[in-house]
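Lettered A, B, C, D and E in written order, each chain numbered from 1.
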């Protein structure tokens, strides 16, 4: 069976591949990079049966180098490995300049993502959490569109400001732990167990929780902290958008589920109403604004705002089913939005425009493209049978039973379901239907099928047999909620 | 039991497999293979259904696998509930579906997307079967949305026309509004019963003992379901999509927008009838909604010139009848009408399709006329259909409609009765108008018409026979018949039996006479008015209202769509752009401006720097003084 | 002597403020250095007065150190003035603004 | 009012007046001359305070040596008014004067506490305060490091001047760092 | 008595070694011609001193020269940091010898004098660090300052260098007066000049002569704030940094901070310790002002060195906070030390990379960096690393040091200050990013890409850059590289 060394390998492998790719020659770099990404993906797959793994070593002084793998982190690592593989494969043909640097940055990004997903120690987590910004900053900044400077600055400062505030909250947490126990530890498990037994003063806890939530909310992004997202997406290169939407945004929701709420679930329940309100505003705003976009990437970006609103709603409503749904929806959104960005990239590479008006009638000239687009769009609007439905259904069903906030929010969120169809079909109609005025486009070749086939298969595989993901996740969630309920009982 | 499971799986999977096959390989195989394949698949599915129909006694549940586990003690299964209600509709779906497939092989001949069309059609059959057979609400919802999707895909099948694409989108979105209600209903029911399985919910209702809170949620669920049903079955206020849906190929209109999908709302309400019985008020709402829709749609149908639009409004109107019946506690009557309607409306649509096909896609009735000579088979088949829908005895339409009218008239609600009878008259009138304008008088079009190929006429004839004889399935006992359907469904739904007495017999006879009279009057009036049609319609301000469909589309557009667009714009430019980004950019430029202003301090004059040192010191000194 | 330490400090402050004002207002570098000497003298008054107050020699000693440092600073300062004059042909501090902005 | 007080006030007044002249006479030579006078007066004050050796040093080293260096440099440069530069404008000056005045007031406010307004105790009989002996004793014991350090700092100053003012005959005179817009 | 002096001198070798080395170099300079011999002597001497100090890290606290100096564990560490910086700056100066332009040729004729000044100011630094008497405090600071004035004027045929030295001297002397006044009032209030005596008098007499002490605090804060360039005492800094030779700018940005913060630490937590409630708010306010305004001001700077000057101002603010956080009994000196080590290393590395490109003939505008990433990738990469480290982003060491300060701030309940510091960091990120953008995201080429790159024949610059990069990269991920060492040197572990 796998032991803790697996964790260490998992953790270090992306760093290793970053180095390899950075040092490889210009021509070979891209394929070396894809090979490394594939190796990492396989390595990740090996751990499929793992339920819980820990690794701990002293890092420095009070801080431990705790690595911790469970189903919450595992599937996101898998997603990250998968999407990185796909987007790097996609980039092989597209990126012709500074290839080694480009691929190395993606691997570095992967390293930070995996690092923060595996970390048990809060400080360590934070380090990776912030370090994530740097590769993304360069990816958008160097290979991005014309307004990339503004976009990167906004993206960076927004996120940086939020996460620094979280740093204060985080330090406060573990300083309080130190002051109450006399020992230093920033290990999440230790802190959670301790504060579970000895609850923090609620006044302080509230603020710490808010600092965490602010940081995560910016990353997610929750309304009203979402405005960096459309800009960043529009300017980012396709692969950057895929990873940004597919993986980085998930780090925020992951942070909520992994750190913020388990540590401070009292505050989470206290603020549930307000946070649900923000989520719902995000859902509706995202949908309505997406509807009015003419830039395809912006449309998808706003749709992300809307979708992430569903996820946060599921989280903040604090029900088991909601959490399972939210977790699944994180993966779903990663797949469907990642695929959408890839599709837009496919078009953009041929026509060099993202204006929705420039397209039309593509279903005629690009039937296979149209098929995949429609399937992904359906997954995005949560048609039953696709993955999106399972997540959204569980989120809404779970949230409806919530005791911490009114289920009126769910009904409002349901309006978002309608609007989701509106903007997605708007996109589909404008792109695929109507008079065709771009005849000379090429349809999918083998390179595209290599990654669209698994994506489409996953859409249905999760939609019809979600239990292979939901099962392990549910175990984790149930354990977590048992902890909450014992707390409430006391 | 294992056989049943296999049959059920096959029945559903065959169309699904077909759907993938035709999409993937349609272009490669050629039309012939596809048409034969598609029809064969459908017939196979129909045979499976038939097997189940005869293999099931009372009811059976077939469980395949666990789909979504909601919590440790609740989960959603992929499982079927095979009972009279579902099997009957299943038979109609696959049966009529097969016929329409056959018809479509002729109708769609030569279309470049032939394979795609059958792929969608098969997918629709799959979804519809899921809807009908599923034993959990979520499974039903899967079918529910699935048929919506297929409807969307098929309406915008000829997507090169922007209008078709928009019509498809409209259908999907309006359906989504209904689906939203359905979803809320599922949540509310889960809240109350802790399960989404339909039999479990029904048995829990039978047990009773609901608390006030649970009653509240069940009421919410009823409203949600009504919204859902009205979306799918095109009832007021969500009827607007159906007329536009005629943009799709005619077989689609026949199959989806007349015979099967749109009746899903009725099916749903029948399925969960005990729940509605629990909340009597909701049934009332359904009844009035149905009545109103019936009258409204009939009044609009009179003034439509597009042959398919007339039929579309007619469909809405007939669905209104079904809702009326369900609302008044006569689900069997509704179901019966559903069935006969499936026959005669499919017939009418296919007939219309045949006409359209013959006239090279001309749909305006003003440009038809006198076609009975060129298209005799179509003409005769259509005649049966028209008579059936107009309620001329002893055709099926007469029997089923009469049952509904009977229910209405004995319910004691005068308003509803008036609506129902008025609708019956108007139905006969506009159908007569259609009939006369199409087949009589002089030909007003440009193209020469030909009779349709055998694949189409064969289907027309078959359906005509079914429409004529369908009434026998539930011929009232009062008139010495055998209420087959009633008996069959009695285990699933509750309907008051009509006592057999001479008084009742007289009453029903009177009623039947009156309704046939109304039908004949309508037809006669249409004959008189349109026999020598010269292109002039009724002109009056009030008719304008009818002609414009009561301006409901415009109203929605102004009240909802435009406002939402406006709000989207405001949220984008106002909230995101002006408020949030404005604030942030303001923060940025403010800081920059401050930085620039402060940069002015760097004059290069050393003494000015020293002055600042002095001032800083002074402030410290002042601080020291105040602290003291 | 029969005055209070406060009196001596007033004197010291007075010289300091006059010197400081001169330092900030004059334009040529030499005057600046001279004013600096004046300010250092003010500090020296304070040192010597405190030395008298406490009647120990530390203040006086610091006086010595201050004048040493004053001498050093003047020396370096004068050297820089010379250099500056060589380069710019004047010793005006208000023209020494090459580095502004 | 005692004699010593009167002398003190006279000295103070003179010191302040000469200080003002140092600070505000336009020509540096004049300033330097007034500064020498100021230093002499300050030496007188030190005598009043009983620090006789300090007073001597003030005259010999400070007024004598350091100020001579100043005068020397002033004469060496022999600047005309343009090179010296005009004094600041009125608004500038008034601001600075205001700041200086404010500082004076604040500083004074700080020290006007009763305990600081008490007269200083007279020098105890037999005290060696202010004598060369006492001073040198302290200098060579407690402050020996400071004393040595003073030597180092002077050496540093010499090196610094050597670094800054050294000039070969053929060296170019001006190399401007060109300003760029 | 004389024996005592001898023993003390022996003990004080880490301090006196500087002066001895300086005089040695002076002698070599007098006896020989050329610049290389003094240079080697300096380098070897510094290395020797570093070794000596490093091996005597834990010698325990000693009072020397009648309490004029006190060498404790923090002294050794500060001194070692100082030695390291000096060595680095000497190495940074070497490539200038090979430059052919007039300014360099003329100036480098005086290179031995420069080295001597450098060593003397190093001596001043170590005296300043060790000072435990007002007299040595003053002399140490002045030796350091006068040495630095001279260093700034090194390019004596260039107006910018001379002007910067000139201004620095003028304003610096002005601040000296403030400083002296502060000392005078401390002395006036207590009658003593030795730290421990002053401390005991203040504590025993319950703040006798409080008004005098308050003035003293105001003066001393102002003086220290000036030397550390806290806002609003900072205005001279951009001009001086701009004009000074680049290695000297690095020197200014590091050495002065090390010395002054060490002195401030001893003054404020030494004899002013019992007045902490009184001076802390003022000090904190100045620190926060520096962090905020320093960063804001840096946003719109046109020239690179001015931008870095403002960056150093904001870092001063952090250092000041770290100083307050050494609060005896509550905090430790660890965050301060770590900050100094990392900050110095990063700054030296950054200035070394810049001096690679710099061309004294022209002002180095920030815009000149445009497109550097394409033309001179490695230089740009290293500059990027240092910039990110200065911005305090993980995984660079710059993050860890800020982290420790924040941690200590929160531990001591200064949450408001922590938030303000963080706001400053966010603003700061904006201009650090601007540099990165110019280097990596611009298509146009700035002039820096065309400038002749300094030939670094002895690989000294590359050595510094490389070591600093290692420290700032690996130091963030594995801080024990330096942290354990600091902790053991401080006897905290």
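We adopt the following convention: a contact is a pair of C-beta atoms (placed from the backbone, for glycine too) under 8 Å apart; a residue touches a chain by one contact, two chains touch by 3 or more.
Remember, it's a predicted structure, so these values are computed and weren't measured experimentally.
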Seminar exercise, completed: Joint neighbours (chain B and chain C) are D, E
Exercise. Higher C-beta contact count, C-D or D-E?
Worked result: C-D
Seminar exercise, completed: With centres defined as CA means, the chain nearest the overall centre is A
Seminar exercise, completed: Rounded to the nearest Å, the gap separating the Cα centres of chain B and chain D is 101
Exercise. Using the average of all C-alpha atoms in each chain as its centre, how far is it in Å between chain C and chain E?
Worked result: 26
Exercise. What whole-number Å value describes the gap between the mean CA coordinates of chain B and chain E?
Worked result: 78
Exercise. If you average the CA atoms of chain A and of chain D, how many Å lie between those two points?
Worked result: 69
Problem set entry | Sites on chain D at which at least two other chains make contact | 96, 100, 103, 107, 110-111, 116, 142-143, 146, 150, 153, 156-157, 160, 164-165, 173-174, 176-177, 179
Exercise. Touching two or more other chains, which residues of chain C qualify?
Worked result: 5, 20, 23-25, 32, 49, 53, 56, 58, 61, 65, 69, 72-73, 76, 80-81, 83, 87, 93-94, 96, 98-101
Problem set entry | In chain B, residues with contacts to at least two other chains | 599, 602, 604, 606, 610-611, 614-615, 617, 621, 624-625, 628
For this session: Go through the chains and record each pair that touches.
Result: A-B, A-E, B-C, B-D, B-E, C-D, C-E, D-E
Seminar exercise, completed: In the complex, chain A touches chain B at residues 154, 158, 224, 226-227, 285, 288-289, 291-293, 320-321, 361, 363-364, 371, 378, 383-385, 389-390, 393-394, 396-398, 400-401, 407, 410-411, 414-415, 417-419, 421-422, 425-426, 429, 432-436, 464-467, 470-471, 474, 478
For this session: Would you pull the chain C residues touching chain B in the complex into a rising list?
Result: 20, 23-25, 32, 93-94, 96-101
For this session: Enumerate the contact residues on chain C facing chain D in the complex.
Result: 1-11, 13-15, 17-28, 30-31, 33-35, 37-38, 41, 44-45, 48-49, 51-53, 55-58, 60-61, 63-65, 67-76, 78-83, 85-87, 89-95, 98
For this session: Under the touch definition given earlier, write down the residues of chain D that touch chain C in their complex.
Result: 2, 4-5, 8, 12, 15-16, 19-20, 22-24, 28, 31-32, 35, 38-39, 42, 45-46, 48-51, 53-54, 57-58, 61-62, 65-67, 69-70, 73-74, 76-77, 79, 82-88, 92-93, 96-97, 100-101, 103-104, 107-108, 111-112, 116-121, 123-124, 127, 129-130, 134-135, 137-139, 142-143, 146, 150, 153-154, 156-158, 160-161, 164-165, 167, 173-174, 176-177, 179
Problem set entry | Complex contact set, residues of chain B against chain E | 588, 591-592, 594-596, 598-599, 601-602, 604, 606, 608-610, 612-613, 615-617, 620-621, 623-625, 627-628
